[in-house]
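What follows is a set of structures for review.
In the two assemblies presented below, chain A is common to both, partnered first by chain B and then by chain C.
Up next is the complex of A and B:
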C-alpha cells in the first residue's frame, strides 16, 4: 500500500517563505521607522502573542480562560521584583516572569481543572482577582498604587548602548527598539511553537480532547496530561509577554498589570473577530483591533461600545471570524495543520 | 493464558438504582460473545465498567490476567481494549483519517508516522478510504458507524467492544458490517458485541449473554439461549 499523510501544502510553503522575508524586514525596520511606529508594532506584536496563546487554550484546547491577566500580571511583577529587589537587568529579569507564571499556573490548573465550561472561565477570573489583591499587598513593589523601574535600572539596559550607536537614536528610542525586537522574537517563537505543536502527535491529541473528551480517552489519549501541558505552556509564555510589556512601559500597578479588559477581554476580541481555532485568526484580528483602536482613539466610551458591537456582529454573522469567511470563500490555509491522506489503498486482507 | 477478560461479582449503582448486579463471566481469548437484553438492562454500563469509563462499586475486573479494576480507561486501551460507542462519537472537527491517526498513535503508544499504512488499510476495509480527508462532522449515519468501528480497530485491539453498531442500518449496510466484523474475528480479535439486531449478532458470535435489570440471566450457546423460555419471555416478550 502506498500512502502518505502530510500537512504540507503549497500555500503552507509559500507562507513559510513569505514569513521569513517578513521577519527579516521587521528586524531591519527600526533603521527607517519612526519611534511611534515602533511603539505601535510593539503593541501589535505583544497583543498578537497573547492572542495566539489564548487561541491555543480556548480554540485548540477548549479551555476558555478569562484569567490570563493573572499570568501577565505575575510575570510583570516578577520582572519588577528581579529589578528592584535583586538589581537584575530588566531584560535579563524577563525569564523570571515565565518562572513566576509557571509557579502560579500549577495551583491554578489544580483548582480550575475541576471546573467545566463557564465555571472554568469564572474560576480562572476569580484566581486572577485574588492574585491581584495579594500582589497589591506587596509594599516593596508599591502596594496598591504601583511603582516605576528605577532610573539607574532603565538607563543601562543590556544592548541599549549598542542600539544607540547603530541607529544614532536617543536612549528612550533605543529602549523601544530593543523591546520591539524582543516582542518580535517572542511573537515569532510563539507562532512557530504553536504551529509545530499542532502538527505534532500532541496536536492530534489536543484536537481530539477538544472535540470529544470521552472518545479521546477511549482511544488512549491522556486528556488530563494534554490539558495540563497546554495550560502550563500558555501560562509561561503569557508570563514572559507580561514581563516584556512592563519592561517597555517601565511603570506598573496591580490594576493595570492584572487588567481583565486589557489582557483578556481585548485578547478574546482579537481571537473572536479574527477567527478562533486558526493560527491565521489572531494575526488578522490584531490588525483589525489596532486599526479600530487608532481610528476610534478620540471617542472614549464609544470606542468600547463599537468594539462590543463589532464582536457581537461577527459572532452572529461570521462565527468562525473574518479568517473563517476568507478561508470558506477561497479555501486558503496559510498554516495548514490538517493531515491529508494521499495515495491508493490496495486490498487490506480483512475479507480474505 | 486462555481468558482475556474476566469479571467477578461486579456491581455498580447510580443512586438507588443498581445498574450492574453481581455480574460474573469470563471470555476466552479469540471468542466472540454477544450481549442481549432489554433497554435499560445495563448493557452499556457493563461496557463502561470494562473500558474503565466507570469504576465498579464492588467486584474485580481482570484483563489478560491482570487486575484492572482501578486502572484508568487510557491504560486499558493501551492493553488492547478498543470500543465503539452506541451513539457515534467522532472527533467532528478532525478528518476521518485524523480520527484514526489519533487512535493508532495513542492507542498503541507509537509515533504518528508508524500508523499511516495501518490506518489506510483499516479505512479501506471499513469502506471509508474515499472519505479519508472529509471532516468527520460531515459524515452520514452509516459512515459514522463505520468510523466508530474503524477508530476502535485503529487502537489495535485484542478485545473489541461493539455497542449496537448495527442499529439503524439498512439490511445491505448491515450485511457489509457483519462481513467486516467476521473478518476481524477470523484474525483472532476477541469481540464482545451488544446488539438488538439479533440475526447480525448470531451470524458472528459463539456465545450469548443475557442481561436483565443488571443481572446475568443466561449465558451459553446462541441456540440454547434463544430457546430458553425465561429469555424469550423477558427479552423477546413472547409467551411460550
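Up next is the complex of A and C:
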C-alpha cells in the first residue's frame, strides 16, 4: 500500500464549495445592496486583504513588519501619479501601485533582511517614515498637504458607464460598485494565492524557516530565497490594495496614505484578534473589527482604546486568537494546510 | 550659517533623544523586550507631571520627583503582571502586547486630555541662555544634556557596583543560568522596567518643558529612541547617548539645509549606520 501526505479534509472541501457560492453571491450583491453596505464591504475586503498579507509575512514568514504602510502609501501615490501626471484611467493605473511597491520592496528587503526580530520591525517602520517624508516633498502630487483625483479622471472611469446602465444607479454609486468588485477580486485572489502557497513546497519551507531557521537551512531550505519571495509578493499585493483603496477615496495625503495606525496597527489587531498564523484568523478578525467599529462608532477614542485592550487580552489569554479557540474546541480547519498521513498500515510493518 | 553652532545644538538635542532612549535601552538590553509603547509612556508621564503642576501648583521638577515613584510602580506592575507572561523566544507576543498598549494609551490620553497641545511651564528656565563666546546655548538644552549624562552615570553605577546591577547583567547574558544561581529573572525584569519608567519620567519632564506635546506624539519619540539604541549597540548606555547625539546632529544639520529635511536627515543617518554596522557602534551584549 501507499502512504501519502495530504492536506485534504472534508471541512476543507466543504469550505471550498461554500466559498464559491459565497463569491458568486458577493458578485451579484450590488443588485440588491444599498450603497452604504457596498462601501462597508469595500472597507472589510481591503482590510481583509491587508491582514492576510501581514499574516503571511508575520504569522507564516516570521517577519514582523511595522512598515507595511510604506507599500500602501507608495502604491496609492503611484496610482495618483499615473492619473495626474500621465492621464491614465484610475483603474488601469492600479497596477502601477504594484510596480512601485515592488521597486520599493527590493531595496527595503536588502536593508531589512540584515536585521533580526525587533530590529527588523523598527527598521521597516523607519523606511516607511523615510518614504512618507520623501513623498511629502513631491510637489506635483500636492507635497505635504496632498491632492485629489481630478474630476475629469474620476468621471469616466472604465466600466462605470456599463455598471450605471446595468444597475440603474448614479455615477458615484457605480464607482463604489466597481471598486467593490475589484476589492472582492483582490481579496479572493490573495486568499487563494496564500492558500496555494502554503500547501506547496514553498509553504512548507516557509513554515520551517519560521519555526527554526538553522534547522531549516540544515535540511536544504534556501531560507533567503523563501523570505525574499514572500516579502516581495506581500509588498506587491499590499501596493495594489493601497492603489485600489485610494481609487475609491480619490483624495490622498502623505499622512493618510502612510498612516501606521490605519494600515499597520488596525491590520495587526485584525490578525491578532482573529488568530495569527491561520488563514481563517484574519477573516474572523476583520468581522470582529468591523463589528466593533460599527458598535463604537459614536464613542471616538474609546473605540481604539477598546481595540488596544482587546488585543492585549487576546495575546495574554488566547495567543492564537479567536479562531485558535474555536479550532481547539472543534478541531475545525476551513483552510487545511497541515499535512497528514493517510493510508492503513499493513501487518508486519510498513512496506509497499 | 554657523556650523559650530549647528553641531552644538545638535549634540544638545541628542541629550534629549538619549533621555528618550535610555529607558528603552535598559529594558531592551536586559530582556530583549521591545516596548513599542515607550514613546506613549513618556507622553503619559508628561501629562502626569503637567497635571501635578497645574492642579497642585508644584514646580515641574518637584512634580517629576512625585511622579517618579508612581511611574516606577506602574512599570513594575506592567512587567510583573503583563509583559512577563508573554516574554519568550518568540518576539511577536511582547511586540503585539506593547503595540496594543501604545494604541490604548494614545487614545486614553486623547479621551482624557483632548488633542490640544500642552506645555509644562518651566518659569525662568524657558527662554534663558548662556553665552559662551563662539556659541550661545539655551539653559534648557544644556540641562537636558546634563540630565542625560547624570542618568546614564547613575544607571552605570547601578549596573556595575550593586547586587541588583549584577543581577541585571547576569540575566541579560543568560537568564537560564542566572536563575540556576538563585536569581528570579521575572523579579529582575520587573525591577528593570520600574527603573526604566523612572528614566521615562525624567525624559517626560524635559519633553514637556522644551516643546508642545499632545497625545499623538509618542510613536515618533519611540522611533528616535529606538534609532539611538540601535546606533549605540545593544546593552551599551554610553552607546545610546552617542546614538542620540548622532540623530540630534543629523537632524539639526538637515534642518539647517532645509527645514523640511530635519526628521528625514535623522532617519537617513540611522539607516546609514545600520547599513555599515548592523549591530550598532558599541554592542556590549549579543543579540
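In the analysis below, the second predicted complex is superposed on the first by the 342 of 352 C-alpha atoms of A that agree within 3 Å, B and C clash if a C-alpha of one lies under 4 Å from a C-alpha of the other, contacts with A are read in each partner's own complex, and residues count from 1 in each chain.
The definition used in the following text is that a contact is a pair of C-beta atoms (placed from the backbone, for glycine too) under 8 Å apart; a residue touches a chain by one contact, two chains touch by 3 or more.
Here the structure is a predicted model, which means the values were calculated and not measured.
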Chain B versus chain C as contact partner of A:5, first or second or both or neither: first
Partner chain(s) touched by A:312 [first = chain B, second = chain C, both, neither]: second
Which superposed partner A:31 touches (first chain B, second chain C, both, neither): neither
Which of chain B and chain C A:21 touches, first, second, both or neither: neither
Which of chain B and chain C A:297 touches, first, second, both or neither: neither
Which of chain B and chain C A:215 touches, first, second, both or neither: first
Sites on chain A touched by chain C in the complex: 58, 64, 66, 111, 114-119, 121-123, 125-127, 129-130, 133-134, 136-137, 144, 260-261, 265, 268-269, 272, 276, 300-305, 307-312, 315-316, 319
Partner chain B, residues of chain A touching it in the complex: 1, 3-5, 200-201, 204-205, 207-208, 210-212, 214-222, 277, 338-341, 343, 345-352
Complex contacts: residues of chain C adjacent to chain A: 28, 32, 34, 36, 82, 85-86, 91-93, 95-97, 99-108, 110-111, 219, 223, 226-227, 230, 260, 263-264, 267-268, 270-271, 274-275, 278, 287
Chain A contact footprint on chain B (complex, rising order): 51, 53, 72-74, 77-78, 83, 85, 89-95, 97-98, 101-103, 105-109, 111-113, 116-117, 119-125, 129, 132-133, 151-152, 154-155, 179-180, 183-184, 187
